[in-house]
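Down below are the structures I want you to see.
Both of the next two complexes hold subunit A, though its partner changes from subunit B to subunit C.
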Partner chain A sequence: MGAGHGSGLPGGTGQGRTLVYRAPAHVKILVLLAFVLTVVATPREWFGAFGGYLVAILGVALLVARIPFGWLAKRMVIEVPFLVFAALMPFVVRGPEIEVLGVGLSEPGLLAAWGLAAKGTIGVLASLTLAATTEPVAVLAGLQRLRMPDLIVQIMGFMVRYLSVVTGDLQRMLTAMRSRGADPRSPRHWPALARTLGALFVRSYERGERVHLAMLSRGYDGRLP
Partner chain B sequence: MHVPDGFLDAPTSIATGLVAAAGVGIALRKARAELDDRTAPMAGLVAAFVFAGQMMNFPVGAGTSGHLLGGALAAVLVGPWTGALCLSVVLMVQALFMADGGLTALGTNITLMGLVGVFVGYAAFRLALLVLPRNVSSVPVAGAIGALVSVPAAAAVFTALFAAGGTADVPLGTVLTAMLGWHTVIGAGEAAVTGLVIGAVVASRPDLVYGARGLAAAKAPLVLPDAEPVRGGLA
Partner chain C sequence: MSTPVLDVRGLAFAYPDGHQALFGVDMHVHPGERVALLGPNGAGKTTLVLHLNGILSASAGQGAGSVAVSGLPVTRRNLLEIRRRVGIVFQDPDDQLFMGSVRADVAFGPANLGLTGAALEKRVTDALEQVGMAEYADRPPHHLSFGQRRRVAVATVLAMEPEILVLDEPSSNLDPASRRELADILRGLDVTLLMVTHDLPYALELCPRSVVLSGGRVVADGTTYDVLTDDALMRAHRLELPWGFDPRGIADGRSGAVDSLPG
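Our next item is the complex of A and B:
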């Protein structure tokens, strides 16, 4: 795969000297899966267990893998919409209510909100630890070792490889739009944005055709070496 | 808007995981039947396009933003099987590399957005084409209708899953109404962008649009004077 193209994915934070970073990717994927399954299956009343999970995952992420805290914090925002959803629970769940600051909150709702927030947060932290300590190429090799169908791994590989190319294309087109006074986010300029996305589709599709032809000319027979 | 870990209980997550695995397996076979050994590069590039399209955030109000889901869009542009495959790969990459959507919820996310979103969108698109005039200019309109239907459909299935394996006892009627109402609004935005994007592709490269195959061109091809056959000579 070509040099000079970042994939645009986390794919390692450059703290590449730690044990977690060097562990084989397929082991990390299996450990991650087992860990999040355990977290999800834990009854949310076991408050102590979640404290233990949080200490464990933060210990692995910050102390063993030495992922910078800021790196994690910046990417935790991905779960904000679901924290909002969780925060609604005490207002919509049925059950006995308790008074907090003059507002009636349902007790099972509070418990549900706690469960959603705790499990979601630990899951995001665990997934980010994998993303931070594993190069995308290593994740793909790990999936292959775990018997993920070869074609799926290949498609993921092409997606990861060309992600920065395609998003770079889009960014340049958006810059061109903005420099002509259009705001791509405003519904007023949706027609222009849509033509941009349409052009992006045509470019991506044609790029796929060219990549395929280039592969054929190098002896591609449906399998990657 | 991907479902994170712990939203649905473990049995429901595993069940949707099996549904997703079966769906992706069939999509893989059907896509390969159509694309042959072009599958990997083409699906990979289309997946990258879908991902880039999802990066466009639109303010929805109250400080939150929504983005294109792209299920109906992908179904119309590259066909439902390849579309479902591409959406599923996007969700896998997002879960594994960006922590967007829980790993245990990956099956749920693929079922909702990769299967329900794509196939309901495509079915609505096909039904709309039956009543619209049979020419290429109907494709963007039908695509918009597909997008409009696909978003609330995925929301309805999510509500059903939440009823079966949710982790909170919420009044389902209220949740369904709220989810459908809210997602119909989102679906309207999705429909507008989807229709416009399909329109843009149909205008420039109608041959690339899967949903436009077998449809007559909207207008008679423009005949330029110099394209007329040379007359005279033998006549």
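Our next item is the complex of A and C:
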């Protein structure tokens, strides 16, 4: 049951000796924040600037931090829903149209789609660089040093701790479902899947209560020592 | 006799939804004793345990009676001191271990009591050494085996230097070797012990005395050997020994090997 080994997070990518990995977490968080704010604030018509950003972040990620490209590429998938939304924009937004391969696309829509895709991709790349080079626990310590409200840091800490427990619960429930002849991927069994997720929520909620109880039993008074 | 570590008098409790779990429980545990709390599922064992450190009390539902720990009544004002004196080890170690490292987890309780620096460090090291987990201090708890997590859970409570250690199903889900290792650790501790369990051989092995709770009442209180060999009592309260296990046989064969045998 030893869940949580080799979660694909930091350390697993073998960049432990690079400069980016060793930099203090709070510095990395500040740099990330400044970088993302700069990218978002750049007018989307400055096409050249985005090229510069992309070169900069890829340079840091691949050359300085030595993160394998495949590691980044696999995790970029998280951006897909935003890209789909961006791809819809030229068809949905109203305004002067231009013809591309016989289809009318709105010009402001194209521009908005470009802005969303470019800023999103660069932001995700920058966040992944932080994630690949910093232990989750170190990110939390960094946030604490940056005076992030204690309660929020605590909540994030519990998330880090219990993510593997909850996903382990879910995996076991799905295995049990499969063992009884249901395929969670098939739409026919989605109602059963929905109930499983409901049960998972209740289980996690009850676990939260038990954790709180165990904390109270050890004299917890609202502040983590 | 000395002041009991645990003094439960006429404890009754009903949950807010109206379900009554305890109907006037009287129980005493004296310093240095190791007592097993036995009873079928739904007997009220967990409800009773949660009263011992004030998680549940009359104010959380409808209740009556009193609990005192070494003479100190369990009231809202005494709560922190009560929770130092009564250390509860819960059944699922994942509920108890929630910090990023074993060391931080064991330090959580004593730090809440106001310990810092070298004193805190010493508590952590001592507690981990008592359960044989000192070398794992810097590991994240979720990378340990289940048996190791159970032992760390015991250490998190020992670090508060409780007067009584309360264990909820300590042997559940352990493989036989881990189960025996935990028994060795528990036997070696210099602390009063109350153990809630369905594992009757474990109770016989570790606890000279047993209290049987059934339907929210104490129905038996005596030596574990007498309780386990009282067939009528066992049958009446859904207690069953594992197949092939007979306390009488052990008494004949290896007298003195078990703490709770007569003589």
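Quick note on the criterion: the second predicted complex is superposed on the first by the 172 of 225 C-alpha atoms of A that agree within 3 Å, B and C clash if a C-alpha of one lies under 4 Å from a C-alpha of the other, contacts with A are read in each partner's own complex, and residues count from 1 in each chain.
Basically, contacts are C-beta pairs under 8 Å (C-beta built on N, C-alpha and C of every residue); 3 or more make two chains touch, one makes a residue touch a chain.
Everything numeric in this text was worked out from a predicted model, so none of it was measured.
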item	value
Subunit C versus subunit B, contacts on subunit A by residue	B
Partner chain(s) touched by A:188 [first = subunit B, second = subunit C, both, neither]	neither
Partner chain in contact with A:221 - subunit B first, subunit C second, else both or neither	both
Partner chain in contact with A:160 - subunit B first, subunit C second, else both or neither	both
Which of subunit B and subunit C A:37 touches, first, second, both or neither	first
Which of subunit B and subunit C A:197 touches, first, second, both or neither	first
Touching partner for A:207 - first (subunit B), second (subunit C), both, neither	both
Which of subunit B and subunit C A:137 touches, first, second, both or neither	second
Shared contact residues on subunit A - subunit B and subunit C	157-158, 160-162, 165, 207, 211, 215-216, 220-221, 224
Residues on subunit B engaged by subunit A in the complex (per definition of touch)	1, 4-7, 9-10, 13, 24-25, 28, 32, 37-49, 51-53, 55-59, 64, 77, 85-86, 89-90, 92-93, 95-100, 102-104, 167-171, 174-175, 189, 192-193, 196-201, 203-205, 208
Residues of subunit A that touch subunit B when the two form their complex	9-11, 29, 32-33, 36-37, 39-41, 44, 75, 78-79, 81-82, 84, 89, 92-95, 108-109, 112, 115-116, 118-120, 122-124, 126-128, 130-131, 136, 139, 143, 149, 151-152, 154-163, 165-167, 169-170, 184-185, 187, 190-191, 193-195, 197-202, 204-205, 207-209, 211-212, 215-216, 220-222, 224
Footprint of subunit C on subunit A - complex, ascending	1-5, 137, 140, 157-158, 160-162, 164-165, 207, 210-211, 213-221, 224-225
Subunit C to subunit A touching residues, read off their complex	50, 53, 55, 80, 83-84, 86-88, 90, 92, 94-96, 98-100, 107-109, 111-113, 140, 142-146, 156-157, 160
